[in-house]
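Here it is, the structure, as structure tokens.
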């Protein structure tokens, strides 16, 4: 066969992170694709067996870099379920706040990534630049920009500082204002529409068959969301409706994120409003961090990360560290098999664009 | 429907050992040879989605446990379908016919635990490259020892302290 | 495939240039100034640190002020950033990328993982000391290093280039054999 | 005679200097659009200097070396056949068609070199470049033809001379509009930068070029910017002739105005570049062969109508 | 020094020599293949040399005027026009024979190959030297038959294409015959010199009909739309060492016929009587328009080809469209452009087909996607083909630019806003398909199985180098060919082009092209660029697989294929596919398959090999003609 091999990644701007896709192209049409993950494999699941329960979050937050809080929280929730701990009410809200902020910053990264993949670097610059305001908030709240190591089993590490809610609201106002500018530059851009509409259409039936989750599934019209289906943190108390799109093409996927971005801003506002009205102080149940034994059993906890369902299956044999912990990364479905199947028949120009529009996060495949 | 009702319905499957773990989570243990039928049964019951395939190495029992993590969006319920296979002969049948995505999960389990899934056409190297050792997720694979032997023993190329 | 083998063994071997000192004296200063003010990085996120490179390029830190920006291919680039832990699968690609870069080339190792393994010190999949396999010019400690410290690191690298102490690429040629031997211990030979 | 030769020697140096300067300024402008400070305006000089002073250059074979060499040759040659401001240079020895063909040398040479690198990305990039060329040449040729038909000459110097009263931009606005659209692709700016799209083909033809090769390409690009914009100015903007009095002072002023126009055109392209994603290559092709071509045909019909009847 | 050759510088000598040579070669082949090849080379090169020498003369020869039957006189003449074409034809034919000798195959078919080649060369010279319509037609037919047979030599694969060619050519020949008969019944003479004086006075309607009838015949040979359908299969399936002649020389007889009849015999004033469009005749305008449309359509087809010979075949059609465009426009610039382009095309297309032959011989495949990376392995082939491709694309360092430039100038001068953009876009398309050849065959990754490829023997490379040299020479000094063309133009009664050796100047307010300045500037710029290149550090050469693969290591991947050449212009093909569904071909195919059935039936009746039959008939015809001249 004379189909040319092209490597997208690992060292390629058209790839999310450190990942590789080997595509065979005939002319400029992709006829075969092979996703090659594993460049970011660190063996978390093995490492966790050698760590204490409380040593989990510092390690586990590194699973998906742009969306670190969801990783910590998912693990913490699994441990909480296993140990039967209930997080205090305020802790739940702070947890939800960090999760939604994490979602916002991950979506900003997403806008930047997809914009970059179709050549609109200005949106990439703007979105990443604006993301820094969220990181500032994180820094104030947790002390770190990327890996916050904030959500532990039992609740967040500490309460919000004084006046934090107001600053969060300010940033939300700013982001909302910026979103209107994004609309002008990006979401209503003629070329963007041409590039993304009717590209790589994912049908609802296909999404159901391949267990696609998260915004990608909602963009096909399949209303699923762990926040609704298996509620956690403060989400049962928050007021939000699932947003869905019907088309399932790249455009729908991007617009899904754009609409959810707005929704997340609203959610954050709800949370801050609630946080202001709540008594401060009690955010966390503190177990013995160094010698915390958790009874035998297994538990699964899932969170709705910005990519989809991020789940943790934790098995305990009653010891001080997990007997087995396994991560269900959201990208394991849409990053490998779904991507390989969807890219066939698409143009070469859309290899990267599809990768970004599906929001594949390689480390949660590799772990 | 409550967890109990669903558990009772599942228990109708011959050989199923059902246990309600907590709110929204049910564990179903079946003998290995009935795993595929049980999965089909659960799928028909409404647990239509395979979230993940988890694999646990119970080294003391000399068994591998495969946990098929199923979810029903209708009932908002998770079911962990557990089968145990002998450690000496880690072979099982693929669930690709029920859930195509099982291919990727089984590929991973094959690589990380060394379980061979019959009829899965794509058990090629997935995450690791040129891995010659024991599958790393097995309990008898000692990561620290491996690191010490393999990486820490390498001298600095330009000389200097180890 | 055959060609590659020949090329690498012939040209990547011990070959430190003779007119090194002369260059230092004459055009050297200007050249090194130009080099340090126009450091192009390989667009390669080898690990989680890649996430902090994006803010680094955007409005708040804007590394393009110093003439730095990411380039797509190793042929066009001067700096290889090892952004975080190095998986053995990635290490192979790093080495290939590094060997494809033209001299002078600089390597900055980013975060604590390439220094000693960081939180993955006992992981079977990541190596612990990156400088066993390729020469590193500069380490940035921290996990994750803040953009400020990265900016500082680049400033240091610029100073090192100016006074000629960023000599990783020359060390790689000098210790080519031991480096290759170390690499061979990690993965099967491909060169 | 000696003055002419001096001008001929001075022009390439000046143009490559100014080209690099403009590119630096444009990087700054793009940075401002993106909320950044951007590199210093002389950054491009540093880059070229660094590239030429690389201690090692990596090539593939002798055909690979042809690429950047031809890129510079083509651009230098073309430049000397274009009237620049008040300076006619060699434009009496070659007319517009000669110029349009000379302009191809650069790209074709580059394509040769890129192909010789043996990288599939380069091959695809070249394919995209050539397809794009076929795309934008259609409206561009028709709109330029309108000017040639209107003034009934193919000589650039003549066309410039005949616009002393009124710019062709005002007489043939549709053609000028289309030609500016084509200029966007000639500059290789978005939405028409498919040949070098980093996320798709990893910078396409220049994927294997580094060091002095890339430096030469940057120089060629900076000259090319002047050539492409200069061609547009000569055809539609009266060659940038502001003053029609004889005398060296006025000539210099004219030349400076011409340079200013180049800058303005390039800035326009860069601003569009900053706010546009890129089309797929077939979309770009359809884009150019649809509306711009139709507009260009209307412009041509108008020019023909005015000039014949 | 060469005075002793003077008595031989007569058309009848040249043609007879070739016909005798054809026979000798054929029978020498029965004895020894080396002898056969030597004979063929000697005869062809010698005659080509004679043609070259005869350029200074204006010879008009009559044969036995009184004794000819039915009052016909066979006239052979050399004039500026016929010499120009004869030179082109003999050069291409002779050097192609040298080239084919380089492959050194020894099969029974080769005897026929060399014999037929010489015969064809003689017939083509006969066509251009003919001074009357009867001999013109007879030679025309011999030429068609000979080329048909040569095409069928490629074996089974070529049969359909050859048959197509034969059928359409026959139709064209009938058309010529009808036109000829009409002229004869009207004027009672078939001599060109006689006709030239009377045709001008004929009524426009008659002229239009006769010219159209003749024109159809010529258009078939020139592969003008809509008669081009035979050309791609015939050109591409013909033997590799015959295609250069087929495309390079034989196709030029179409333009020759047009030039001869439109300007040599009817003349510009009479053409103008048929109605004019902006100063040129309507007839000419239609030809020019058809030419430009042909150019575009064939270009679009060429872009989509993977078969190198098919690509070049479509390219030939496209370039002949240019030639017809120039000749149709009929102004001084237009005709000069057309004729110059015919010459250029003869040279570069011959080179390209020769190169294609070498590539096919080396790689054993005609598919461009099977080749790759040969540029460094076969530098001479690469360079010659590169120059030829530059000429084809019209890059201003080669002869090809001058002719295209003239053609555009002609179109723009007359404000033909339909023709000029078409011509231009076809030329841009030419970059596309010509680069495809370069990229797929010479650049990119070298396949493992071609590691041992090297340049072919000097017999093959010398003709190619000669042609490439000519192209470069024309690029520096377009005045050399254009001077000849100017004299042709003055012979035809068209105002001659104003050329000096290095530059072309078209008039006060019109464009100019000084090839010498261009070349000087390019050379100087090259020096500057080289200086820049060599001031910097010398580069280290790396192997072809040491290339950017996004960091991937090639050894980790099985069946890796890195040469981008299959479906090269897929995006373009996708856009144009709905418009280019070979509608015309299907129509002809329906017609052709019916015809095939009938001819198959006839073949059954005779049960012999058709090729042999036709060959014998042709030899008989040739003998009869020779006999007629010498003894009647």
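Brief remarks follow.
Each chain gets a letter, A, B, C, D and E, in the order it is written, and its residues are counted from 1.
Criterion: a contact is a pair of C-beta atoms (placed from the backbone, for glycine too) under 8 Å apart; a residue touches a chain by one contact, two chains touch by 3 or more.
What you see is a predicted model; the values in this text were computed from it and never measured.
Taking the definition of touch as given, a chain qualifies here only if it contacts chain B and chain D alike; those chains are A, C. The chains that touch both chain A and chain D are C, E. The central chain here, found by comparing per-chain C-alpha centres with the mean of all protein C-alpha atoms, is D.
The interface holding more C-beta pairs in contact, when D-E is weighed against A-E, is D-E.
Placing every chain at the mean of its C-alpha atoms, the farthest one from chain E is found to be B. Centroids built from CA atoms put chain C at 39 Å from chain B. Centres computed as Cα averages put chain A at a distance of 30 Å from chain C. Between the CA-based centres of chain C and chain E the separation comes to 58 Å, rounded to the whole angstrom. If you average the CA atoms of chain A and of chain B, the two centres end up 24 Å from each other.
Residues of chain C in contact with at least two other chains: 43-44, 58-59, 72-75, 89, 92-93, 97, 100, 122-125. Under the contact definition stated at the top, the residues of chain B that touch 2 or more other chains are 128-129, 136, 141, 143-144.
Among all residues of chain D, those that touch two or more other chains are 34-36, 53-58, 120-121, 123-124, 127, 198, 202, 207-208, 211, 280-282. Per the contact rule defined earlier, chains pair up in contact as A-B, A-C, A-D, A-E, B-C, C-D, C-E, D-E.
For chain C in complex with chain B, the touching residues are 88-89, 92, 117, 121-125, 127-129, 131-133, 135, 171, 175, 178-179, 181-182, 185-188. Listed in rising order, the residues of chain E touching chain C in the complex are 540-546, 548, 551-556.
Per the touch definition, chain C reaches chain D in the complex via residues 17, 27, 30-31, 34-35, 37-38, 43, 58-59, 62, 64-67, 72-78, 100-104. Residues of chain D touching chain E in their complex: 12, 52-63, 65, 68-70, 72-73, 76-77, 80-81, 90, 92-98, 101-102, 104-105, 108, 111-112, 115-121, 123-124, 126-128, 130-131, 133-134, 137-138, 141-142, 145, 148-149, 152-155, 158, 202, 207-208, 211-213, 215-216, 219, 280-282, 285-286, 300-301, 304, 307-308.
Chain contact summary for the complex, chain C toward chain A: residues 42-48, 50-52, 54-55, 57-60, 70, 72, 74, 85, 87, 89-90, 93, 97, 119-120, 122-126, 143-144, 146.
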